[in-house]
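Shared between the two complexes below is chain A, which has chain B as its partner in the first and chain C in the second.
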Partner chain A sequence: MSAQHQEEATPHVGEHAADVEHASEGFDAGATIIEHVTNSSLEHPLVHLEPIAGIDLSVTKHVMMMWLVAGLLFVVITMVTRAYLNQDRRVPSGFMNGLEWLVQSIRDSVVLPNVGAKYVNTWTPLLLTMFVFILAANIVGLIPMFEALGLVDRFVLGNGHDAESLINGVLHGGTTVTANYNVTAALATITFFAIIIAGTMAHGFVKHWKNLVPSGLAKPIYVLLIPIEIMGMFVKPFALTMRLAANMTGGHIAILSILSLVFLFTEMFESAAVGMGVGVAMSLPLAVGISALEIIVVMVQAYVFTLLTSVFIGMAINVHH
Partner chain B sequence: MPDPSDHFLARSFSALQENLRRSGPAASVGYTLIGAILLLGGLGHLVDRWAATATPWFLLTGMLLGLVVGFYELAKTIWKK
Partner chain C sequence: MDNPLVQPDPGLFIWTILTFLILLGLLAKFAWNPLLRALEERQETIRKSLDDAEKIKQELVRVQQESAQIVAEARAEAQTIVSRSRAEAETVREDLKRKAKEEAAGLVKNAERQIQQETARAVQEIRREVVDLSLAVASKLIKKNLSQEDNDRLIQDSLDQIETARPS
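Right, the complex of A and B next:
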């Protein structure tokens, strides 16, 4: 998939979609929404790096957000755990208490029933990492902190928004990294290999592949079943990829479309009062409601991803035909 | 001191968790059904574009295969027990 093609696939929303709002052409809701939920274009990354072996490794909006989430988690969790370990009395309190509860509930109510007592401590670290990372990425994406910083930058500090600076690129808005299919595909790839490794560890390499198809059927059926099972092997992580990314993108698009009603009505009736009226009467309550729903979606999706990964790992370990 | 697990938040959370745990396989198979069709149909579409076929036979085959794989996974989930 060349960069050329990628350029064709993503519509030319450009980095100046915000301009459109102010220009005489009118407000383009679609372009603005897409600009907010997609990655920044490869032509205008936040930090431009030279391609290594033909791969453009420039830091885009999503890459930066992902590093931010990973760094935040690393620093916070390491700090809290270190502080706990250096304590005199090993009694967790505050954040450490919550963390301990999280670890234990993931282990005992997600991993243990699916994977089984023998391998629970082998797979809990991976699943816990997945859960915490997805949850943190989802939550950070839900907080419009960069948008708020952008507002301060634009209207309080009075900086223009056309400057090609790093800080300005960052202030274009934070996004949910888990709404990017590449991120979720990477996570699902980990799941894909975890399933194979789990089966191999429990049954040996050859036996794991034999376990994929039910035994003791008539020979001709295997001709049909084996290709289907192999395709199913790839389809399951693909479904994981889609569900997480689609759920994270969907809520954001819904909130943004409802909020863009304000601008659309302002334009239609050529009066800011109508737009604000629609905003207060309709957009704001709806957006608040959907945001509340998003908080649940954020937690449920992180949980479901972890749960399904542990179900798949458990299926490879506890084979019963 | 009352048992913290009797708190209504604790109870509703564990109920949510239990429901999610039980509906997990169903949610999985729902997306697998669509995912199989999209993945295999999409692969077929790519093959079609690469080979520049006049009629999108690979797309059709891919979608049919996706249907078969999706329903196979569905059947496996339903008739597990």
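Right, the complex of A and C next:
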């Protein structure tokens, strides 16, 4: 869709602008930003697969990024854990200290208070995986590695903007998978089913659904209450979906907007010097500041998603009516 | 749904669920569950170590008290042994002294008695000698043969005389 946006953008023939951005047309901040926060074009996936049951399972950039994150997590965490567990005297050191701290804090301060001592070992693995997956995906999204790769491709390897190079193939599209609603919706779906499974495990399948509404109230109240509770069942994961994706998208858009000022000013005054000046004086410090803020947001959002999932699971297990 | 920010992508949705569930399965098997077990084991170990340390501390105090008591007892016993042996030595010494004294006294008495006996015998012998000498001298002087009767009478007289003259 980025190509489509670029076509809509008014062509501009400023010489300096041409140096800075695309060779033949003016700078469209909106299209550039959108390209950096959304998935790569669905029409041109990295690996095209035939649709199965009408669903296109082609590997897009976000799918690739997700595999990258998952693979990295699995390799690092498993390696560190193996190395630790294979010691004769299990003295945690280095990265293991951090991992152990993480496992212990998620278990003792997120899962245990909400889920309760009986099911803590059942649900801790899920919530740990959720936390590390979201956190790693968020952090990877903060690192402009493809932008760096693009620079290498453009200036070191000398490939053009539209050249058919390997690196160019993976350049389009954002890197933050958790900024994509489809990804967060999938994670929230897992939360949705985890709640049902937790309730079923603790109370049995029928009793879990009965627990949705408090028992022993006057009949007319149920007419109101049952639809509200059923709505609530879906609102919980929906809120998770929106919160995470919006937070991840928002920060990136803010950073990219501020950096776009460099090119907008360059175009406006037809002088790269003005753009650079604006960049050094304003865009760079602000972008650094927001990036620092993003580091906090990235951790908070991963924590919030995990904590809320834990709270919802706990609510299904320990019914307070 | 023209907005690219909210473009539905069922493929990505399904890939996410699959990726997440596989990651969950792998991490749970290879990392989380072993780690959780290890953590619990270590907590247990630490709790036990602390309990043991507490126990050992109490044991140490007990042993120290006991050893102090033993030392005190031993010291007291040594004291009594020393004083008792001292007393025993004293009595033995006294005993020996007394025995020695008695023995010495016995020896002296014995010697005295022997001396007396010897003296008495010597006196008797001397007396007999004197009588024999006197008889010989008297017979020579008188040159007269006295009858047996006179002889005996004279001997008796002389003996009586000597008896009376004998210094007591």
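Here, the second predicted complex is superposed on the first by the 290 of 321 C-alpha atoms of A that agree within 3 Å, B and C clash if a C-alpha of one lies under 4 Å from a C-alpha of the other, contacts with A are read in each partner's own complex, and residues count from 1 in each chain.
Here is the rule we go by: a residue touches a chain if its C-beta (ideal position, glycine included) is under 8 Å from a C-beta of that chain, and two chains touch if they have at least 3 such contacts.
Quick caveat, the model's predicted, so the values are computed rather than measured.
Asks: Contact-wise, after the overlay, does A:303 reach chain B, chain C, both or neither (first, second, both, neither)?
Replies: first
Asks: State whether A:180 touches chain B only (first), chain C only (second), both chains, or neither.
Replies: After superposing on A, A:180 lies in contact with chain C but is clear of chain B.
Asks: Touching A:126 in the superposition: chain B (first), chain C (second), both, neither?
Replies: Once the two structures are laid over each other on A, A:126 reaches chain C alone.
Asks: First (chain B), second (chain C), both or neither: which does A:39 touch?
Replies: second
Asks: Return the chain, chain B or chain C, that is in touch with more residues of chain A.
Replies: After superposing on chain A, more of chain A is contacted by C.
Asks: After the superposition on A, what does A:209 contact: first (chain B), second (chain C), both or neither?
Replies: A:209 sits against neither chain B nor chain C.
Asks: For chain C, which residues are in contact with chain A within the complex?
Replies: Residues 4-17, 19-24, 26-28, 30-36, 38-39, 42.
Asks: Sort out for me which residues of chain A touch chain C in the complex.
Replies: Result: residues 1, 34, 37-39, 42, 55-60, 62-63, 66-67, 70, 73-74, 77-78, 81-82, 84-85, 90, 99-100, 103-104, 107, 121, 124-126, 128-130, 132-133, 177, 180-183, 185-187, 189-190, 249 of chain A touch chain C.
Asks: Across the complex, what residues on chain A touch chain B?
Replies: Checking each residue of chain A against chain B gives 105, 109-110, 113, 228, 231-232, 234-236, 238-240, 242-243, 300, 303-304, 307-308, 311.
Asks: Quick one: which bits of chain B touch chain A in the complex? Just the residue numbers, please.
Replies: 17, 20-21, 24-25, 27-28, 31-32, 34-36, 38-40, 65-66, 68-70, 72-73
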